[in-house]
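Across the two complexes that follow, subunit A remains constant while its partner is subunit B and subsequently subunit C.
After this line comes the complex of A and B, so read on.
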């Protein structure tokens, strides 16, 4: 329990630091949000009115105190440009980001784990000679390039998948859940998720393979072989389970970091997720929205770090014992 | 002849070619390295390439030019709020329907009243220009006003406060298997991305939705707040206005059946009979009066407030006629005000305005769950970064031919073209990619794709900071403008999708544009530019251009 509380305290400190840094960062950046409204009729009077409506006419320390106070009440403020509560805007985009990230990660890790385990067992074979460079190439290739290749083939040339968006134009749904579980949504999800999965699969595959190679030399594997167990049983039941620890950690961390890191995929496929919200907020100096997006992404990252930490301790009791020493 | 005499004669002979220069006196200081601000290549590839071409030509005049790419926000910050610091900047004015009247460009851009904090960020001050800019504003006779606007353009041509570069040519396309080709309506300076097209496109088959692309999301749908071009495309359709800018670029009655002007300060608008808001309530003169009063209340609508400041009063003459009395004559009032402000429901908005007058936020912060207007389309929903859906208003006197108008937000140029080819969108209205790709697609699919091209109302230009030497010298500015090869720029930087510019009044506005002004840039070309500089006393020493004799370089370089 003490360990969990310690972790929670650590997480709260990180979130405060992120909130403070984003607050300072945006106000130090050249330009202010009123520049979005430059036009022939723009005047000093209009600028003053805009600054007042944004709350930017107050001294910086006062703005900071108000901002932290609002954060503690769970209020992320109102977007300067969209004029809507930041939380509503983020919650609108969040399901799309969760669907894309989780689908891609699950596909990438499922494939990476199985392929990594298999390649460890097939060390030195022709298959390994082809598969490892292929995994490295897809890992090293820029996401936008992968995305454009898939778009060119599977959408423009063969017409199998749509080229953009999360739903067909003007489609109606009774609820958000109905939208997310519709065939239309899943059809639109396929290409961006596949691109992200191709990009992500390299890490679990190589990690799994490396760990498996270590595990396969352990005595209990030798014992399993001596017992006459099948190759499949040795790999999946004995070796893979023990090799999964670092992969599980990577999964949790990958989940956290992917939430804010899908900007490129979201742009290529015009996927309406958090990454695009964040980029347009930064470009438009929409401080509340950009701060809110950063805090949300940081919160997910910190939470997933905690989960990885606790998961590791649960999967490998030696970690907890080590902590108690 | 002794050796001393021979030496003297030889020295005199070598100095002979420089006699004219010596007659002008010693050259002034070398001109400091000049900085040309531009947007980064990634965000504005055409403008960046244009800046490179300009810098290349200016260097041939003996100037040291540094290109300084700045992100949009930083560029606006420097140009707008640090007016003493910079030398020259790339800039653009975009086409909008209300810019169909030249007043916005003529008065606001270069009148000296706007030097300190307004749009005249280059600091141009010329009493002759001010007089003409004011005269065109109050001149109610169309022919005389056209003449004044042409004079304005000639003054600008002579003084060259801007080096105008090009007017972009909009390239748009639509699917003629989905819409009857002849039903598409082009608007001067805007192309097919216009209000008239959205109500006129006639479906040819079962697909009855207009699905149009946008590269930018709609941020807000609010009759008192517009934060970007796509916002205005939506408000245009959801709310009615008393007048509309017609396909020919001229104002025409819309929600007002007639608009008359008994005297220069009085305008009477007779409201069309039987109009209703989307909630079924009638549109009344009280609604119209409120719509023109609300923006002027406190600081509730900073975007629209400047447009109602010339209104002394707006009153009901009877249950269908609204009378505007102006503080001063305004020839652009119909386009700039009557065709711009949205008619809202007083029943809905009066309590909101009363509430917001007591709040720190202004009216822009109010978000209607489902915006109610009286326009030809009704609002259905908006999902930021995804799409906006409107449906045809069956009760409108100008009911659209299509069933729905859907704007899809697509950032990726290639995906946009893929979407057009696959039928995911059926109107390509917002395109900044390679024009050849669209034209090739139209050639490959002649039965499907119809292409439309239209010179834009907007323009690209270089703003030169007249507060700083040597840009404070009109001769120097004329030479720099003459050195720009606009034809080459239109071809190379805009892939041929632009025409040379030398005026703030686009050729798209045929009634106001001075035909042929693009070919009358003083000096005309690089050789002419060199001649202008020489005549003005600028001198080449080595490879550097120097100020005229006696002029010292005292301006702090832009860092």
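After this line comes the complex of A and C, so read on.
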């Protein structure tokens, strides 16, 4: 319990530091933010009024305090370009990014764990000689390039999958949940999720294989073998459980990092998620929106880093015993 | 620490590492002799016949990989792209290694508040989302290679620093460090003369991974339109292809080669690091 509280405090500290860094970064943006917002015909008074409405006329320390206060209240300001609350725009995009990331991670890890465990047994075989370099290659390939190949092949050449967006244009749904579970959405989701999964599967595969090899040489496995347990029982009940520990941690870390890393895949497939919001906001100098998207992505990353740490301590008896001492 | 001879003997027994080094060597030769190898000026707009821009040409004897929508020779762009990829990869890796080792050495040897501050800062850096941070920084400053290399170094040093630190923590309890301390060596001398050479191979290992990260990051940033627009890079080639309907035109000759080059170069870093990992930690080798 003390450990959990300590880790929470630590995460809060990192979040505060990231938020402060973001504040400093965005105040250093070149150019006048109001220029994008105003037409030439605006008078000096109207410009000043706008600056006031965004709080940009106050001294920096005061802006900083106001900024932290509104962050705590979940108020991320108003988008310069879309003139809507930033939070609303982010919440609209969030389900698409969550669906993409979670689907891809689950597929990638299910495949990686099974294939990795299998490869640990196929040591020295031809399969291993092909599978390991193949896994390394998918990790070395730029995600957006994998996406481009799938897009050109399965969408443009063969016409199986749609090439962009999350839903057919003009389709309407009774609720957000109905939209996310509609066949149309899942159809659009397939290619981007497949691309991301292809990129992600190498890590669990290699991790699972390496730890399985390590575990299989441990004394308790030798013991289980001597007891005459079947190979299957040894793998499932003894080896896999222990080998899953680093994979579970990697899953949590992967959830945090691919949230931000989705930026390129969302661009290739014009997937209306957080990453695309961030890219277009940065390109359009829409500072409140860019700032909000960045902070949200960072918050997910910090939270998942914390979850990974706690998960590790919880799953590994050795770590928690050490902490209790 | 392994000597040069041991390294060579080891490399011969490690086909993976040897392949990696071979790929590096090939790209270095391409980068050095880019002007001689390229068949055209990669920036020049080519014409076929009277005033007709040679756009979307398929591969042929004159254009090994065809031409782009802007009428430029793809093969020549690819060869010249090697230069920017290697420059970005190597300088970024160098910065990561130097910064990471320095922080790791100081934190590990000095301990106390120095250690606490460095570790806290590394925690914060690990809380920054990688690509989004690079996009925001590129938008804040002038987008370009320098910005990119600097932000990659700023984001990647904590991993190296942590590994070096834990290594230093065990090294500083060794007898010979104690001996150096007793004979009156200053902490700085112990850190940089006695301990640093011991952790250098470990730092180099992290450096070879950073080469790949930097190249992938440059490609992603360029693809999203945050690269140096004046450069010739594989990322920009892919962005150009994507923006000019290479996919719907099925111009495989345009967007496949740059990606393959990125894969090869990043893979080389993985292979070298996998090989040297076994050299540094024989126990880990399966």
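Keep this in mind: the second predicted complex is superposed on the first by the 294 of 325 C-alpha atoms of A that agree within 3 Å, B and C clash if a C-alpha of one lies under 4 Å from a C-alpha of the other, contacts with A are read in each partner's own complex, and residues count from 1 in each chain.
Everything that follows uses one rule, which is that a residue touches a chain if its C-beta (ideal position, glycine included) is under 8 Å from a C-beta of that chain, and two chains touch if they have at least 3 such contacts.
Predicted, not measured: the structure shown is a model, and the values here were computed from it.
Please indicate which partner A:89 is in contact with in the superposed arrangement: first for subunit B, second for subunit C, both, or neither.
Only subunit B; A:89 stays clear of subunit C.
Touch check for A:267: first (subunit B), second (subunit C), both, or neither?
Both partners, subunit B and subunit C.
Now for A:311: first (subunit B), second (subunit C), both, or neither, which partner does it touch?
neither
Considering only the touch criterion stated at the top, classify A:148 as touching first (subunit B), second (subunit C), both, or neither.
In the superposition, A:148 contacts both subunit B and subunit C.
So, A:162: does it touch subunit B (first), subunit C (second), both, or neither?
first
Have a look at where A:106 lands relative to subunit B and subunit C in the superposition and call it first, second, both or neither.
Neither partner.
Regarding the shared-chain residue A:290, is it in contact with subunit B (first), subunit C (second), both, or neither?
After superposition on chain A, A:290 lies in contact with subunit C alone.
Tell me the contact category for A:298 with respect to subunit B and subunit C: first, second, both or neither.
It touches subunit C, and subunit B stays clear.
In the superposed arrangement, which partner chain does A:245 touch: subunit B (first), subunit C (second), both, or neither?
Touch partners of A:245: none, neither subunit B nor subunit C.
Both subunit B and subunit C touch subunit A; at which residues?
Common to the two interfaces on subunit A: residues 29-30, 148, 151-152, 155-156, 163, 267-268, 283, 285.
Touching subunit C in the complex: which residues of subunit A?
Contacts found on subunit A: 10, 13-15, 17-18, 21, 25-26, 28-30, 123, 136-137, 139-145, 148-149, 151-152, 155-157, 163, 210, 213-214, 257, 259-261, 263-264, 267-268, 275, 278-279, 282-283, 285, 290, 293-294, 297-298, 301-302, 305.
Please name which positions on subunit C make contact with subunit A in the complex.
Residues 120, 123-124, 126-133, 135-137, 139-141, 212, 216, 219-220, 223-226, 235, 238, 241-242, 246-248, 250, 252, 255-256, 258-259, 262-264, 266-267, 270-271, 286 of subunit C touch subunit A in their complex.
What residues of subunit B sit close enough to touch subunit A in their complex?
Touch residues, subunit B against subunit A: 71-74, 76-78, 80, 104-105, 108-109, 117-119, 209, 211, 217, 219-220, 222, 225, 227-228, 299, 302-303, 305-307, 360-362, 364-367, 383-387, 389, 404, 406, 408-412, 414-416, 418-419, 421-422, 424-425.
So in the complex, the part of subunit A that touches subunit B is made up of which residues?
Going through subunit A, the ones touching subunit B are 29-32, 35-46, 49-50, 52-53, 55, 78, 81-84, 89, 92-93, 148, 151-152, 155-156, 159, 162-170, 267-270, 272-273, 276-277, 280, 283, 285.
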